[in-house]
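The next block holds one structure in the form of structure tokens; read it before the comments.
In this document, chain identifiers A, B and C correspond to the written order of the chains, with residue numbering beginning at 1 in each.
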Amino acid sequence: MSQVMIKDSIPQEEHLASGHLACAGCAAPIAMKLALKALGDDTMVILPACCWSIIAGPWPQSSLKVPLYHTAFETAAATASGVKAALEMRGNRHTTVMAWAGDGGTLDIGIQALSGAAERNEDIIHCCYDNEAYMNTGVQRSSGTPWGAWTTTSPREHPKSQPKKDILSIMAAHRIPYAATTSVAHPVDLMEKMKKAKEIRGTRFIHILAPCPPGWKTESDETIDLARHAVRARIFPLMEVEDGSRWRFTVDHPGEPVEPYIRRQGRFRHLSDEDISRIQAEVDARWAVLERRVQYGT
Amino acid sequence: MAEAGRHGGIPPVAISNTTTRVNRTGSWKYIRPVYQDRVAPCNAGCPVGIDIEGYMNLLREGRDDEAMDLLLRENPMPAVTGRVCDHPCETHCNRRFFDEPVSIHAVERMLGDRILERDMPTPVTALRPESIGIVGSGPAGLACGYHLARLGYRATVYEAASEAGGMLRLGIPEYRLPRDILDAQIERIRAEGVEIRCGVRVGPDVPWGELARYDAVFVASGAHQGRSTGMEGEDSDGVRSGLHFLKQVNAGGRPDVGGRVVVVGGGNTAIDCARTARRLGAEVLVLYRRTRAEMPAIDEEILEAEREGIDFEFLAAPNAVAEGNGRLRGVECIRMVLGEPDDSGRRRPVPTEEGQFTVIADTILTAIGEITDLGFLPPDVHQDRWQIVVDELGATNTPVVFAGGDVTDSERTVAHALGDGKRAALGIDRFLRSTAGDPVPAVDPERYCFGPEGNISMTRWRDDDPLRRTSPVNRVVEFEDMNPDHFQHADRHPDHHLGDVQTLAGFDEVNQGLTRDEAGEEALRCMNCGVCNQCELCLIFCPDMAVSRSEDGWGFVIDMDYCKGCGVCAAECPRGAMVMTREGL
Amino acid sequence: MKKVIEGNHAVSWGVKLARAEVISAYPITPQTQIVERLSEMCADGSLDARYIHVESEHSAMAACIGASAAGARTFTATSSQGLALMHELLHWAALGRHPVVLADVNRAMGPGWNIWTDQNDSLSQRDTGWIQFYCETNQEVLDTTIMGFKLAETVDLPVMVVLDAFFLSHTAAPVDIPDQELVDGFLPRREARYKLDGEDPHAFGALVKPDAYMEMRLQQQEAMERAQGVLADIEAEWEQLTGRRYTALEEYRTEGADLILVTSSTITSTAREVIDARRAAGETVGLVKAKMFRPLPTERLRAVLAGVPRVAVLDRNVSPGHGGIFAEEIRSALYDVPPDDRPTLFGYVVGLGGRDVTPPVIEEIIDGTRAAERPERQDLWVGVAP
């Protein structure tokens, strides 16, 4: 088959309403829409401060058709733990409780609560839709920002000089039953991981690459293509890790050169050829590590 | 905890009571997406005017009967064209930029053969009172008769030869087009209501004046006279017209051509001659005055010829026949070089002073083109250099006379002949309806032509497209307009061929096509360029839930109250069937 | 059933009897026995609750908020630095109108490290929107914990039950533990007014613009005001059930007093002894125990203290740059009393960081208050090296 017709594997029902306040071409609502299609309406969403705090709409609106709790920035996983505990105490063991946080609420300010919840193996899904900077506050660096990227707090003269935090490995190190990466350009992969996560008890972590047109300085119609490009160039490999030890690639990663991916984004415009070679070398080295993990486990 | 009616009705906590649909975020946009079916390049490249993309799409959906019906709307003889057409569709196929073109000819052949195995219903049409006379039962004449019959006319075809088919029967060897296939295909055309009278030559047998009883006449008598090479001694016994040779063999003759045959020419007739002579046991050399790259013959045919052991001498032109002891010994040749491009765009061969050489031959077959014989035509039908001058719908300067195929300035391929026949059928339909004062289906050529070459669509002319279209535009979709990331690589199935020994042993069909399963897989390789096939990626990727399925189950609706104009849908459309247009235009 | 138990265990018992459903806490000295005992109760099944062993006080409160938002009765306990770490989420719980109950074992803030009692941790949370009760005895701790749940869930405000480090938390005393049936009748299962509910899905806590924010804050304020009346009803019901009477502002031997001490927490018990001795000696001194700090029982304070010539407020806390916090609050409450009836208010800072407030200290305060025409300064530090 030339084109895989994915529509048959994607439920028609929408759990997300139009009129939400995401920027044009934002990947974050695409991620949510697909996630909820996989999880269904028996889901509660816990939302710390992030772009989605805005996307969900101001009071008295909600763009979600499932219950939603806006919580403090650093508390997603902890609040979700509480919600799940309360539901169980009231005899509800079926509802999926999903914390939905950005890279800040996951990799940075939220990592303590997330680590705590993961260590306790709380029965929650924590999703990180990762747009690789503090986008809601106007593009400031986060630990999810890649090396070399411009942000308003890592200006062109001194772009970010540290690599992106490896949250997947961090989460896998908690030996949680399921951790995975996926992207908005891979709806079937995303939904399959969500569905798989839904059927597992314990802490499940899903890391979704979600390009941000204004923050990455790209056109609004490039969102999906960028995510796909990142995967194809092995910058953001799509994987899953079961019980922290069984690593697996879930799609093909042709290993296209990183340069076109880097060059098309305004946030990397200042990078030299040497800088890009360095990124390529890091991607290659990281890939070798992941391949070993897939082959031998951790 | 809230006391009703106090504090402006604002609750004590920020609890939602409505959705974000109250925000008409569509007001943010300055460009908007539009569904716009474009012309698939295969369709644009098909002189027959077949909706190839359309039948591929139907096959993908498992609607095989509808696929066959769609094919038959435009092409009277898919089992023939699936074998002998030089398939420009494949040359244009966008998939060539992805991996390899879809094997369209093999799919068409498969469908054509399946059609011959069954009783396909003939579409019921209101009968017209007019009748049309057609001169020649080659692909142009048969196509014209077929389409006229489908439009409700009585069509009578006059064929000089004893059997119908024209050049398909006389010029194309059996190993390319088995006679049972050709016979069955012509039988289907007859079954559609076309009368074919064989052994009747217009002129000697039926005077032109007798055709005046028809409401219109379509002249498609072809080009059957071999062109002279101009070489010295061309009238020698051992020098023969290649076309004449082919007619003889195709009629069952097995002439003695001796051990060594030289074929002069680089077109399909030349290759047919070479391969036919090879089957008669000869060593064959093809002389061509340009290089391999300029050869007009179908590439696969050249490859087959090479595979069958035929030699080629490029940049060589025959200069004079070499004789000895009163019989042909060979041909003296001049070495050529390529000079400036000529009118056809190919580089003109220019003779060199040095490098004359002689090749040995018992028979020389000349195949450098054929010319018409239009002696039966009245002089008032305008001709130019032995070709009838026609307009874009095949009409001559004489009101009721139409013409097409090799008698006109048309490319001499089966596909162009079929297209010409259809073009003239449409022209005749329009002419007769106008004359009778009946409504004409479509006045604007944009309604029935598509692609840069103005291919004719009978479906559009009749305005009964079984496929839904969304604001179609007559613009061919380029590969750059598409999003190849949504396609997976799939190798093209090569045609099956007879083994070498079997090939040269006789006139069995060499190209065995594909199995039906393989052809079905080829159909799935089609990318449906430029035409929405309901893959739904626009809906799946829309960040704003602004795209939804239409209530009638076909196509999509974009809610402009919520579309922010991000362009993701158009960018992700795999086939370039969506465009972004400026807001307000 | 009478048991001799530590104050911390009195909290645990109160939580158990209240049938808290979700408990989330992080251990900190001197709160640890509360969570240890609750962990045991959850583990042995005597309390049917989920205990979430969070990694911080911040997450403890976040988990309580989540659980409360989902409709459960929730509890946490902390102290000092832990409470300070919760600060952001104390606001969140209050503005979200989540009736979480928190036991705070009063402990001084560092540095230097100090694990002994001091009210600055809880009083720093004055403006977070929590109801605060300062308890005097282990019995009161238990009873206030149970009543606290009822009050919190009635007015949809979180309640902080405060007890002194060590003096209560680690000190065993006889406590009458009510029957479960009695408590069940008094405090039925929580039925949340608003909650996360798949059958009736809503979003909670979205961006509120200036056009609505004040109305929500005003309703929080109104709920605080309403809490005083609701509390009185709850106390009356509790008294009827148990015979034990509590009140937001308790008067002790204030009849005809020309000097009244205002105390909170365990200092009150010491003060009662001194007052009794002075009354026996014929001195007209009285005592007011300030139990409820938020909402501040302003009207009651005015009614009790108006016309009393001298009032001495004892604060085991200080707002640096100003003075004792209870004194500030009471001084402010009395401002609207007509000048002739307005007492002269002496604010004493005592017992910080767990320093003992002994009868001689209180004697010194009474005598000092009598001797001076007016206070030398608004914060009078007693028992401290000058």
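One rule holds in what follows: contacts are C-beta pairs under 8 Å (C-beta built on N, C-alpha and C of every residue); 3 or more make two chains touch, one makes a residue touch a chain.
Keep in mind the model is a prediction, meaning the values are calculated, not measured.
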>> Of the chain pairs A-B and B-C, which one is connected by the greater count of C-beta contacts?
In response: A-B
> Closest chain to the protein CA centroid?
Replying inline: A
>> Could you work out how far the Cα centre of subunit A sits from that of subunit C, in whole Å?
In response: 43
> Quick one: subunit A and subunit B, Cα centre-to-centre, how many Å?
Replying inline: 50
>> Please tell me the distance, in whole Å, between the geometric centres of subunit B and subunit C computed from their C-alpha atoms.
In response: 91
> Which subunit A residues sit where two or more other chains touch them?
Replying inline: 56-57, 59-62, 65, 68, 70
> When you check subunit B against every other chain, which residues touch at least two of them?
Replying inline: 14-17
>> Quick check on subunit C: which residues sit in contact with 2+ other chains?
In response: 202-208, 212
> How about subunit C: which of its residues touch subunit B in the complex?
Replying inline: 95-97, 155-156, 193-194, 202-208, 212, 215-216, 218-220, 223
>> For a test of understanding, state which residues of subunit B touch subunit C in their complex under the given definition.
In response: 1-2, 7-8, 10-17
> Can you list the residues on subunit A that touch subunit B in the complex?
Replying inline: 1-7, 10, 12, 14, 16-30, 33-34, 56-57, 59-63, 65, 68, 70, 184, 187, 213, 219-225, 228
> For the complex, which residues does subunit A have touching subunit C?
Replying inline: 41-42, 44, 46, 53-54, 56-62, 64-72, 74-75, 77-90, 95, 112-113, 115-117, 119-120, 122
> What does subunit B use to touch subunit A in their complex?
Replying inline: 14-25, 28-29, 483, 485-488, 490, 524-527, 534-537, 539-546, 549, 559, 561-562, 564-568, 570-572, 574, 580
